[in-house]
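Chain IDs A, B, C and D follow the sequence of writing; residue 1 opens each chain.
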Amino acid sequence: DRPLTVIAGPCQLESRDHAMMIAKEMARACDQAGAQFIFKASYDKANRTSLKGKRGLGIEAGLKILEEVRAEIGCPVLTDIHDAEQARIAGAVVDVIQIPAFLCRQTDLLLAAGDTGCVVNIKKGQFLAPWDMPNVADKVASTGNENILLTERGTSFGYNTLVADMRGLPEMAKTGYPVIMDATHSVQQPGGQGGSSGGQREFAPVMARAAVSLGIAGVFIETHEAPDTAPSDGPNMIPLNQMPKLVQTLMEFDRIAKDDPIRL
Amino acid sequence: DRPLTVIAGPCQLESRDHAMMIAKEMARACDQAGAQFIFKASYDKANRTSLKGKRGLGIEAGLKILEEVRAEIGCPVLTDIHDAEQARIAGAVVDVIQIPAFLCRQTDLLLAAGDTGCVVNIKKGQFLAPWDMPNVADKVASTGNENILLTERGTSFGYNTLVADMRGLPEMAKTGYPVIMDATHSVQQPGGQGGSSGGQREFAPVMARAAVSLGIAGVFIETHEAPDTAPSDGPNMIPLNQMPKLVQTLMEFDRIAKDDPIRL
Amino acid sequence: DRPLTVIAGPCQLESRDHAMMIAKEMARACDQAGAQFIFKASYDKANRTSLKGKRGLGIEAGLKILEEVRAEIGCPVLTDIHDAEQARIAGAVVDVIQIPAFLCRQTDLLLAAGDTGCVVNIKKGQFLAPWDMPNVADKVASTGNENILLTERGTSFGYNTLVADMRGLPEMAKTGYPVIMDATHSVQQPGGQGGSSGGQREFAPVMARAAVSLGIAGVFIETHEAPDTAPSDGPNMIPLNQMPKLVQTLMEFDRIAKDDPIRL
Amino acid sequence: DRPLTVIAGPCQLESRDHAMMIAKEMARACDQAGAQFIFKASYDKANRTSLKGKRGLGIEAGLKILEEVRAEIGCPVLTDIHDAEQARIAGAVVDVIQIPAFLCRQTDLLLAAGDTGCVVNIKKGQFLAPWDMPNVADKVASTGNENILLTERGTSFGYNTLVADMRGLPEMAKTGYPVIMDATHSVQQPGGQGGSSGGQREFAPVMARAAVSLGIAGVFIETHEAPDTAPSDGPNMIPLNQMPKLVQTLMEFDRIAKDDPIRL
């Protein structure tokens, strides 16, 4: 088993310089700790809680920045898409196409993502059991593309709350696909602030450590130098200056976990 | 307050004759009971549990049938859409555009649905609190279209199970928009049969009666002459021959409920 | 099927006069509406959220008041017990012994309650599925006492929240035992105010109406002339002056529901 | 921070020899791995799913065995109690008195447990939020006894299912009391086999590892040499012969976790 992959970046792209700054910082932190790194950022937040939430730079400007991050930092880049047409456009630029959790059962989107030939990271819907993900992955795999990642990002638990069920990680790993823990969305409080989602940033390292100790393939963590003023997902993002220490700690757990990963 | 609206039809369109048969039967049943009737059917099941599930007749053939049902039976027709382009195409034919629950936060879809000028029926996502629906409705209303219906169809409750919270109905009614109870999807068991969803058909009348007693605007019920062989949602659809009696019973409850509807 | 039974009273006994006042008022309201009436009150709140919550008058003083209410108003009386010894003591006085939800799986308590020969009203635990209640009822029935009532009072739904699943009512009715809807505890928010439970009083009539429309045997409603100053459960109790109208409305629904109660 | 404490033993006492065998095996395994060990066993299963479930040896015979285990193995012993009288009797023998989850809000039981002067291990109810446990602990602490442990054992998640929320561990640790993860009850499926509870034994190590990685004080694990024929909780107990390896693995995680335990 290979060392932990850290998929990290800001929730949404804000500018070329901002993306580059975060990518550079994360690449260095991962490199020092011996982790693999994938830069993540969204060009469009297509399902904001309310119309007042900022949506982002748009696909054209966004993909240009991701291309430059990739060239300059030398790391793979990931972004999420929202329809089949976007799959084709983004797939020509990024390494990993991500399927948002709400859209994880939209057949056409999954097929289009598979057709890009990119790695496809599918977030498990908040409304889905982990043992239902093989059906979802099969939609992508039916295109002949088996470069699939499955991501846990929390399950609906009452109203405005998610819970991250650790059983879901080894359960999804039974598919043979690498499993990722999304530590920051798992602690989101959907709609929890009325016009936007709340979050419990302080619990993100809890989720990451617990999951890494099971021997998973990677963690997904959104980060920002000033989460409280970020245009989206501020309440659950981890401050950038805490990331180097966190990645280092996770790598310590990863090493002993990978000696004896939990397999069902 | 006007008498109960019954939105009913098969889960998916199977053929012109099949649609016409169900529409005719339901129109008669509603007419006899004094209920209003809207025919519902889908031309595409875009988010089946697995790739093996039948998707439907497609948008062109489907809309043609809906147009004929409308002309021949003289009832409004409703269908669900899955992207902005479909909103425009379907909106030219149907009376009510429906937003699927999984897609209820996709901003572009809601805006496109609003732009059609049709009535827009938004299903509350299984992952959403009822008090988060005003934000969702605002996206449609921002287009100037306030012909909005809000539908309860169950909330995630553990894995592979939904629960219908009766509090959600008057809570959503605080928006001033008519509220609908989807009695058959509320008793769905998502993914509950491995490769497809299960359902507890026997509880659909429970949901309908409980909800109608609160004084809501309408019920949504999928029905089929032979649910066990229907191409989708068979486990939760109500047999067509039970519908006339059910509608009649619901109208009895509707009459006393509408005398004193619950308002928060 | 007999007309609806209304089990009502204050959460806890405060004084003889207070109990008598509420019992008289409720007896008259039920009589006028044609409902059956059982007076309910607790002599000890044995599981308050915090130590600071008021516990009540104690078993001796409490049972004395219940005895007097019974004699003077001429209605059956119900109280809840917390151990086997209390079952014996209370069982000598009251008509209905109630098993608290948290204690619904305590075998010795159920056996002792059965042994009293009283009617035993078992509240379904917030942690229990409705189809698990036959096992619970069997414990009581094993004593030879089959005068059993089963009460829905909400199920855990995330943290600090309950949801009342209407499916549970006909599901529990499959046992053949009369089923009761506890409309006020179903809208409790356990621990929701830090040192005490919150509640959503405005939804209690929602629960009552929805449940009565299914044709259940009775409703359980806590009421108080000034809920906001009541020593316990104020946030979810219904003001006493709203009860006559509510009981009347429920009886209208009960009449048509009992013509065709939902049976699984 | 001290090394991990392992609270382990069979669900219920079966015989002196059986208890001794398991205690000896576990004491050796913990000793070799550098973990602290407390022997756990119940003399009475007071809340079995159904009346047919075996209850146990009873308090007198049970306490005698626990006393002998303590004397012969030299380890502290823990048992659970069900009423105030049992607290006094058991408290004279055991080191740790345990409050069952269903009973965690019964004030008199908590006070009686506190009065014994024993360590009191309180299991968080399946119906309780972690932030509600300070109120529970305060009931014990009001007796002047602050030797309190708080145990996570899963939270209701839909019907017949529990979920272990890792956030609960550091949340409860904010009280300053040591926090324990009950790895085997967290994977219980309450009532899941109709007349008894099911369980997902394969996930117990998942829960243990995830929790230990956060730097908690201890794990609680029920074990049996032949779980499938055990009189209770077989489906979720870990086979005894897998325990030495598991404890060793947990200690590896404990060491790095204790270097930097998660504190909120």
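Throughout what follows, a residue touches a chain if its C-beta (ideal position, glycine included) is under 8 Å from a C-beta of that chain, and two chains touch if they have at least 3 such contacts.
What you see is a predicted model, and the numbers here were worked out from it, not measured in a lab.
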item: Equivalent interface positions on subunit A and subunit D, same or different at half; value: same
item: Identified repeat of the B-C interface (over half of residue pairs identical), from A-D, A-B or C-D; value: A-D
item: Angular offset of subunit A relative to subunit B [C-alpha, multiple of 5 degrees]; value: 180
item: Centre-to-centre distance between subunit B and subunit A (centres being mean Cα positions), rounded to whole Å; value: 33
item: Approximate Å spacing (C-alpha centroids) for the pair subunit A, subunit D; value: 36
item: Between subunit A and subunit C, centroid-to-centroid distance (C-alpha), Å; value: 48
item: Interface hub residues of subunit A, defined as touching at least two other chains; value: 155, 157, 159, 163
item: Pairwise touch network: line, ring, star, complete, or other; value: complete
item: Subunit D partner contacts - residues on subunit A that touch it in the complex; value: 155, 157, 163-167, 169-170, 187, 200, 202-203, 205-207, 209-214, 249, 252-253, 256-257, 260, 262, 264
item: Footprint of subunit B on subunit D - complex, ascending; value: 157-159, 161, 163
item: Residue ranges of subunit C in contact with subunit D within the complex; value: 46-51, 55, 82-83, 102-103, 105-108, 125-132, 135, 138-139, 142, 155-156, 159-160, 190-191, 195
